[in-house]
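Comments concern the structure below.
To keep things simple, chains are lettered A, B and C as they appear, and every chain counts its residues starting from 1.
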Amino acid sequence: MTNKAYALYQKDFHSEMRTRYAVNSLAMFVIVAISVILFSVGNETITQSLTAGLFWVVIFFSAMSGLSRAFVSEEERGTTLALQLVAAPTTIFSGKLFFNIVLVFCMNIVITILYSALFDSFAIKNFGLFIVAFFFGCAGLAIASTIIAAIISKAGAKGTLYPVLSFPILLPLILTSVQLTLMAFDGSTFSDAKFELAIIICYDVIMLTASYLLFDFVWKD
Amino acid sequence: MTDYSLKVDNISKYFGRRLIFKELAFQINNNGILGISGSNGSGKSTLVKIIAGINSPSSGKVIHSNDNIEIIPEKLHNYLGFVSPYLVLYEEFSALENLQYFSKIRGVKFNTEKISLLLEKFLLNGRQDDLVKTYSSGMKQRLKFIFALMHNPRLIILDEPTSNLDSAGKDVVYQIIEEESSSNIVIIASNEESDLLICKNEIKLEDFKPALSA
Amino acid sequence: MVWKISLFLLMVFVSIAGIAFPIVPIPVKWYEFPLIPGLKENAKIIFFHVPTAWLSVVAFFMSTLYSFKYLKNKNLDDDAKSYAAAQLGIIFCILATITGAVWAKFAWGSFWSWDPRQTSIFALLLIYGAWFALRSSIESEEKRASLSSVYSIIAFLTVPFFVFIMPRIMKGLHPGSADDTNSGPVIDFKMNANMQLIFFLSLIGFTVLYFWMWNIGYKSIIYRDKLNKQNRG
């Protein structure tokens, strides 16, 4: 199973290298979003809670600009049928999820580096907590946006629908991640944050399970 | 060779509340060619998609079994070959890359000998490293046959197999169908006289529609 | 027919009682409500606001339940039931939001202050909105039914998270929420028997009304579908 899913990931990666569609638009989106924030902030110093919020706002909208591609590109080119004919739905979902996880992590690492270089208020005191929160936050973002991408790939109005459908689903995840990022700024310990960490891990597990169970209904015509 | 059987058990299909066909049933064992005919929009493609497990019927069941053991839907794709005009392969890859990725995703070994044999048969030798987007529609159609046959399927479903093909291409296809049908099941959905001529049995979809007067 | 008339009479009684019964410091007569410190006359919103909020949640549950049933049985009637429930749900959700916001203006000084329950009902509105946007973008009935079912189940799964994280992020202002200092758990302690009676009568009246409307709603959707099919040939 893993090998087949990995092969699908390799195919997507290779295809991405040839077309550079998602990576280019993602990179441009991150740059544009961060520079808009920089322009509007000007010389003022912004509070840490605002920085944490803006950090996840940029992550959310960047994800919305690139992650739907995993399924939408297959549907637009008409290659969905070919995939249906060579693999079971779980294989397809695993492969696409893996691709999106890699994309989300690369994108968010870049955003984190840019934020810590450009914003003075992005000062992490508890680095371990930030890493853990970042990891589970990104995983949850990738899982939820992959299943939503599968849903919208089968609907009309693909581009506009994606953030609309994803926002309510991702809202608890984003709110929790913002809280955790703030805690990492404050220097809170792991035991202070255990409730939020439990929430975010539960979210990841529940979304992952539900996605695997429901993907069949989305994937089959 | 194992015993492969396809049993279509009283399937009906509605789109929304519109009836496409009703109580369709047949069975084929091991080998042979079955034709499915019907006018445009009569549901030929829908029927072959249901047989291939891509669509589900509104009622009834399609049972594939191998040596009398029912094949679970998650494994069915390994026994199937499928060619149709609406099947699209990756244009940004070459023919060979396409076939390599598909066998990897399927989880079967890439059989170089078999592939080069098929490439030769389908007159694509020498073009296998060109990107698929540079192919003509006839070449794409022939590549789809290689895609469908490379993993030795037991059930080969051909939806309008000769569309976009010139007479040389058609001859190759008919010859392959003859070869495959001696050991495997071939289902052809088509309206072309010449396609239906090679079929041993034929299903007319018009027979499974409700009478228009009702 | 009898139950429809009694429902009408019940709703009339609840409306009159909820609005007209006076609030006095020490209730003596059967029609007098007690004064709840910090709420005063504003307390009367409970007869109308709480049932609408309750029904927007009930409708959401029912919509998800029938989505689940659709995925199990692939019967388009279940999809019609889910759709009818969601249609009513969004109406009640908007009503609850508006009545709540108007009340909040008088009780808390502003229409909107991101109290946990305000945020949750906002999230519910977003889910409903997204769900209808998804449905309207899909042509094929089956595709629409199965995709919107999948979406509503996923959305349903996020609801517990709102319940748990909201109180951690923002302070509750609602009467009866844990952080509320001046008026404690309203339903249990501060309401007297007749106020509770009117409140539960109102809850029952609205719920019966909802099920009646839902019944008419889904049947009309099914009939419309059937008529459309006949007209097409």
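Basically, a residue touches a chain if its C-beta (ideal position, glycine included) is under 8 Å from a C-beta of that chain, and two chains touch if they have at least 3 such contacts.
The model shown is predicted, which means the values in this text are computed figures rather than measured ones.
Participant: Of all the other chains, whose mean CA position lies farthest from subunit B?
Facilitator: The most distant chain relative to subunit B turns out to be C.
Participant: By Cα centroids, which chain is closest to the centre of the whole protein?
Facilitator: A
Participant: Would you mind telling me which chain pair, B-C or A-C, is linked by more contacting C-beta pairs?
Facilitator: Ranking B-C and A-C by C-beta contacts puts A-C first.
Participant: Just give me the whole-number Å value for how far the CA centre of subunit A lies from that of subunit B.
Facilitator: 38
Participant: What whole-number Å value describes the gap between the mean CA coordinates of subunit B and subunit C?
Facilitator: Measuring from centre to centre gives 51 Å for this pair.
Participant: How many angstrom lie between the centres of subunit A and subunit C, each centre taken as the mean Cα position?
Facilitator: Here subunit A and subunit C have centroids separated by 32 Å.
Participant: At least two partner chains per residue is the criterion; list those residues in subunit A.
Facilitator: Residues 221 of subunit A touch two or more partner chains.
Participant: Using the touch definition from the top, which residues of subunit B touch two or more other chains?
Facilitator: 56
Participant: List, in ascending order, every residue of subunit C touching at least 2 other chains.
Facilitator: As it turns out, subunit C has no residue touching two or more other chains.
Participant: So in the complex, the part of subunit A that touches subunit B is made up of which residues?
Facilitator: Residues in contact with subunit B: 3-4, 7-8, 10-11, 14-15, 18-19, 77-79, 81-91, 95, 220-221.
Participant: Residue numbers of subunit B touching subunit A in their complex, please.
Facilitator: Touch list, subunit B to subunit A: 49, 52, 54-56, 73-75, 77, 80, 82, 84, 86-93, 97, 101-102, 104-107, 147.
Participant: Under the touch definition given earlier, write down the residues of subunit A that touch subunit C in their complex.
Facilitator: On the subunit A side, the touching residues are 144, 147-148, 151-152, 154-157, 161, 164-165, 167-169, 171-173, 175-176, 179, 195-196, 199, 202-203, 206-207, 210-211, 214, 217-218, 221.
Participant: Touching residues of subunit C toward subunit B in the complex: what are they?
Facilitator: 74, 76, 140-142, 225-226, 228-229, 232
Participant: Flag every residue of subunit B that touches subunit C in the complex, lowest number first.
Facilitator: 15-18, 56, 58
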